[in-house]
Amino acid sequence: MLSAFLQFLISGVTVGAIYALCGLGFSIIYNASHVINFAQGEFIMIGAMTAVSLVEAGVPMPLAILLAILVTMAVGVLLEKLAVEPARKASVTTLIIITIGASIFLRGLAQEVWDKNFHKMDPFSGDTPINLFGAVLMPQTLWVLGTALLVILLLAWFFNRTLEGKAMLATSFNPLAAQLMGINTKRVLMLSFGLSAALGAVGGIVITPITFTAYDNGIMLGLKGFSAAVLGGLGNGFGAVAGGLIVGIAEAMAAGYLSSAYKDAVAFVIILLVLVFLPNGLFGRKGTERV
Amino acid sequence: MSGLSRWAGLGALAIFLAALPQALPNNYYVDVAVLACFNAIICVGLNLLIGYAGQISLGHAGFFGLGAYASAVLVNSYGWPPLLALLAGAAIVGLMAFAIARPVLKLKGHYLAMATLGIGIIISIVINTEAGITGGPDGIAAGPFSIGSFKLAGERDWYWLMAGLLLATVWLATNLVDSPVGRALRALHGSEVGAEVVGVDTARYKVMVFVVSAVIASVAGSLFAHYTPQLTPTKADFFKSIELVTMVVFGGMASTFGAIVGAAFLTMLPQVLTVFEDYEPVILGGIMMGTMIFMPKGLVPTIAALFNRRRP
Amino acid sequence: MSMQAWKILASAAAVAFTAAAGPALAADPIKIGSFLSATGPASFLGDPEKKVLEKYVAEYNKAGGVAGRKIELVLYDDAGAADKASSFVKRLIENDKVDLIIGGSTTGTTMAAVPLVEAAGMPFVSLAGAVVIVEPVKKWVFKTPHTDRMAAEKIFADMKKKGITKYAMISENAGFGKSGHDETLKVQANYGMTLVADETYAPKDPDVTAQLTKIKNTAGVQAVINWGFGQSPAVVTKNYKQLGVAAPLYQSHGVASKDYIKLAGDASEGVRLPAAGLVVADQLPATDMQKAVCAKFQKEYQADFKAEASTFAGHAFDGLQMALAAISRAGSTDKAKVRDEIEKTSGYIGTGGTVHMSATDHMGLNLSAFHMVEIKKGDFALSD
Amino acid sequence: MTLLRVEHLNKEFGGVHAVSDLAFTINPGTIHSIIGPNGAGKTTLFNLITGVYTPSSGSILFNDVPTAGKAPYQLAEDGMSRTFQNLQIFFNMPAIENVMVGRHLHLDRRFLPSLLRLPGIAKGDAQAREKSTELMRFVGLEAYLKADADAMPYGALKRLEIARALAAEPKLLLLDEPAAGLNATESREIDEVIVKVAKSGVTVVLVEHDMKMVMGISDHILVLDYGKKLAEGTPDQVRNNPDVIKAYLGGGAA
């Protein structure tokens, strides 16, 4: 049953690539601020819903995508300015509640701006399946994978080669020292929200031809994205992608060989086991406590 | 909190709880008050873990759900007396929490959040899937709560039971917080290594508080199973967990009375917000964000600080 | 801090409770209470139901109300949560003092209401599907939609005609899917059917090819049934087409709306499903009494909401019509009388079929209420 | 008889030898100082002794019992207590309760009696509060008896840690830079506190940069450089050791 195995794998990679893209957004904000933004899923939804509604209104796809990314970025920056920035000194738990509040708010807003229906988007390059040794692969999966790959490369370049990126990393390690070095940490934080919102939007748009979209689609994607980012190790883009793929493949294999009802549970058991042995995720920085 | 002010707080709470039913025009209001008591009891327990010991749990609804389903299943399908089922549920949840606590509570911050979230989700998947036992997504009815021939019926009966239990839980929780055990919990929140070097076995205390808060949630769950006409898996899911944490943070972490206020406020809020119909989520989210931005320490500590400042 | 805590608690409670109490209302109008899953995972059901109730109550009032009395609708959104539903039902009964309740988009929320309405003696028309709502018969509880068991029977009857005996099932791991799955198993023996593969998926799963691959690789699968609603049946349908599974795909009445065809696109060609007359109203023979009712409802709905009415919208319409007719016949809002009149509903022609209720049947629909439809060229085509 | 014996102690962090092949002993009832330039491994050594870090190799014996495998709280039970260079204050608690946590090992800390607040618990707490008040006065914090820890200045917090460590009634007290960030007057006050503590029979190990303090109160001094022992002896022996002079004044001055 090689072809079945291959099909499970492809299914897992498809789903995993979706989770990976969602997880990357968490990583960026974490890198800049050590904040986990539970409204990240809503960025994904807003990007997708904006793009879909623009396309439905007759805007050409590339322009619709660009506009959707810009709209989502604006939402991200606004969220940072109005909700996160004023509460920078609050505890981690308080910030979690603020971003959860933001996610409820944005979802409620989306339900009013748009509607409660599901929406679709056409695949970027047709929907003729590609046959691989008896298993089929949809072209859109390649788009998702390619986007994830491109995003990692861009992020690696951004964080290692550009001043902005290095400033972001520095801010995450030690905000005070970064500020003393002349880094505008407020700007860095804003940039990180804008960037991860943009990334969420890109992810949301690329996956919509596979998943459809609706005002409440961000919940599940945000949850799985968070799982992917934590499994891979927070703040590590490569880790988020690896984490996403592992979760996706674990789910597909569990559905294929164990029980489809328990596939999500299997994924979470794997995450738990990994965390028990690697408390900072697969590729997370091991923080030595200085005492 | 000194001994005197603790008794004053308990007394005030007791008077409030005793007087409240007079102000409630009909059983619907009593129902909301009962639900607030349920949430308050869980939150007082959860606050020991999150507020005092500084360990987040995004999976506590799982323990609430386990307790609830243990009762519903044992009473409904196996004919156990409700009280025995409640104790069995608490024992099962306590053992389970004990077994997972040590490895899980080694994790910190967002990793701990992820792990507890995962545990909660796994529990809710099991409840949802094992329909033969749990009734699946459509739920199960546990029937009324009875001890011997005494049957608890009607919202007002339930109110007195839950108000009494809330008072007892608050008494126990404040006792614990204001003891060497409670100081150890607060200390490990402040600095784990700082607590260790003066002899606090931080791992043991983390396990202990985790089990205590899980058992409180389980007992509340067991009773809830009898109170609700139909117990469904949504009571054990991720959203319920988030709601519980929100109540704790909203009311004020490391404040037992804050947990009660948070639970009461957020239980009532959706009932009030129904007038906004479809705009309810926007307003609920807005209130959550606004409160946490302007009162990052939560309602009760912030307002208490305000009062203290005004006092000469 | 204790005194402060006490003050805060007291004032918060006072504010919230006065706000919740709202202004006192005159008892003059007929008060219809409703709790629907207008948001949340079942908003697919509750949202159109809410629109329909609000629209038609307004229209009745424009036309002077029922029996000379205006109708007041008190509607709450339970977001699909059973405990919220039970709170709202208590609120409707105890606080709003409604005369009758229409609502309960899902089986879970309906079942949370059942003990409460039974205890209070409140006529209740449910809009949810499962058989347990009316079997065994509960004195005060009625329902308008067809049951999932009927849908399963309709599918099996169709399969039998085609000579199919072995089938596979893929169902959503949530209320509707689970209940449909279980009812299917209960009636399969009556039609001589054997289940050979049984898979599930979680709501909002982006891809189900793993489960479908397993079904595809199971020997002897002659047809596949999918139980679910919302976006997931569209995902199933797309993946089904991608994998090139040869066996025919049956969907449930849960997807009987144009949205499904729009989402699944070409992949939905050839999918068969049981559906109420509403979705194929224009294709019904002129002799079918349902034709005119459905066409009118469809037209009015589309005029207001710029979208095609789903069968769920129709359930709410039917529930409201039957309830108001019963009140009108009873000549009052006396709960016992209204209940008796609802039970006497006979020959009501609604979007879901012709209803004949009785003391032993609180739904009053039979299999003839369902039509087998096939999706052809992006539209539902009658295929009985 | 020795209270603490360190033998062939090594600690590596990813290839960096923070402590290498270190051996020394500490006798009871003395003030023992550990000095050395920044990065010499002093704090790492403290963390190894108190069980916060696990040695890469070598052994530490406390009261002639190996400490290997013991967690910090177990070593605290055995009679060790310490302060930190990077403050480990419980900022979420009042100052007095910080010190009361130090009494942890001397109080009834069983779960059920605490939950029910049996009379014994209340009595123990009252005594702990009294004792902690006394200790805060002893280290010069009488002004902060009612303060919250997060409202106290740095110098006061350093003393608060000392009071907390003393509350545990240790046999061995390890103080990591107790005078850092203090002005001259405050330093002298800390001096006196340390001497008083030592006189009461507690063995004190001190990491400190304030040479005036170190030379003034130490019975014995250990000099570390790059994780290795550079010299050891009485203040006079160390002061005149050519290696020490070279390390402290730089090669050119020799």
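Chains here go by letter, A, B, C and D, matching the order in which they are written, and residues are numbered from 1 within each.
We take it that contacts are C-beta pairs under 8 Å (C-beta built on N, C-alpha and C of every residue); 3 or more make two chains touch, one makes a residue touch a chain.
Quantities reported herein were computed from a predicted structural model and do not represent experimental measurements.
A.B. asks: Once you count every C-beta pair in contact for both, which comes out on top, B-D or B-C?
C.D. replies: Greater number of contacting C-beta pairs: B-C.
A.B. asks: If we define chain centres by averaging CA atoms, which chain lands farthest from chain D? Would you check?
C.D. replies: C
A.B. asks: Could you name the chain whose CA centroid falls nearest to the centroid of all protein CA atoms?
C.D. replies: The most central chain, going by mean C-alpha position, is B.
A.B. asks: Determine the centre-to-centre distance between chain B and chain D, using the mean Cα coordinates as centres, and give it in whole Å.
C.D. replies: A distance of 41 Å separates the two centres.
A.B. asks: Taking the mean of the CA coordinates per chain, how far is chain A from chain C in Å?
C.D. replies: 35
A.B. asks: Averaging over Cα atoms per chain, report the distance between chain A and chain D in Å.
C.D. replies: Between these chains, centre-to-centre, one finds 46 Å.
A.B. asks: Which residues of chain C are in contact with two or more other chains?
C.D. replies: Touching at least two other chains: 39, 173, 200.
A.B. asks: Check each residue of chain D and list the ones that touch at least two other chains.
C.D. replies: 52, 84, 88
A.B. asks: Give the residues of chain B that touch two or more other chains, as numbers and ranges in rising order.
C.D. replies: 129, 193, 278, 280-281
A.B. asks: How about chain B: which of its residues touch chain C in the complex?
C.D. replies: 1, 5-6, 8-10, 12-13, 15-16, 20, 23-29, 31-32, 35, 128-129, 131, 136-139, 141, 155, 228-232, 234-235, 255, 257-258, 260-261, 264-265, 268-272, 274-275, 277-278, 280-281, 299-300, 303-304, 307-308
A.B. asks: Show which residues of chain C lie in contact with chain B when the two form their complex.
C.D. replies: Touch residues, chain C against chain B: 1-6, 8-10, 12-14, 16-17, 19-22, 38-39, 75-77, 80-84, 86-88, 90-91, 93-95, 107-108, 111-116, 130, 132, 173-175, 178-179, 182, 200.
A.B. asks: Going by the contact rule at the top, pick out the chain A residues touching chain C in the complex.
C.D. replies: Residue list for chain A touching chain C: 1, 4, 7-8, 10-12, 14-15, 18, 111, 116-118, 120, 127, 129, 136, 138, 207, 210-212, 214, 216-217, 219-220, 251-253, 255-256, 260-261, 263-264.
A.B. asks: Given the complex with chain B, which residues does chain A contribute to the contact?
C.D. replies: 30, 36, 83, 86-87, 89-94, 96-98, 100-109, 111-112, 223, 226-227, 230-231, 234, 261-262, 264-265, 268-269, 271-272, 275-276, 279-281, 289, 291
A.B. asks: Give every residue of chain B touching chain A within the complex, in rising order.
C.D. replies: 50, 56, 103-104, 106-111, 113-115, 117-119, 121-122, 125-126, 129, 193, 238, 242, 245-246, 249-250, 253, 278-289, 292-293, 296-298
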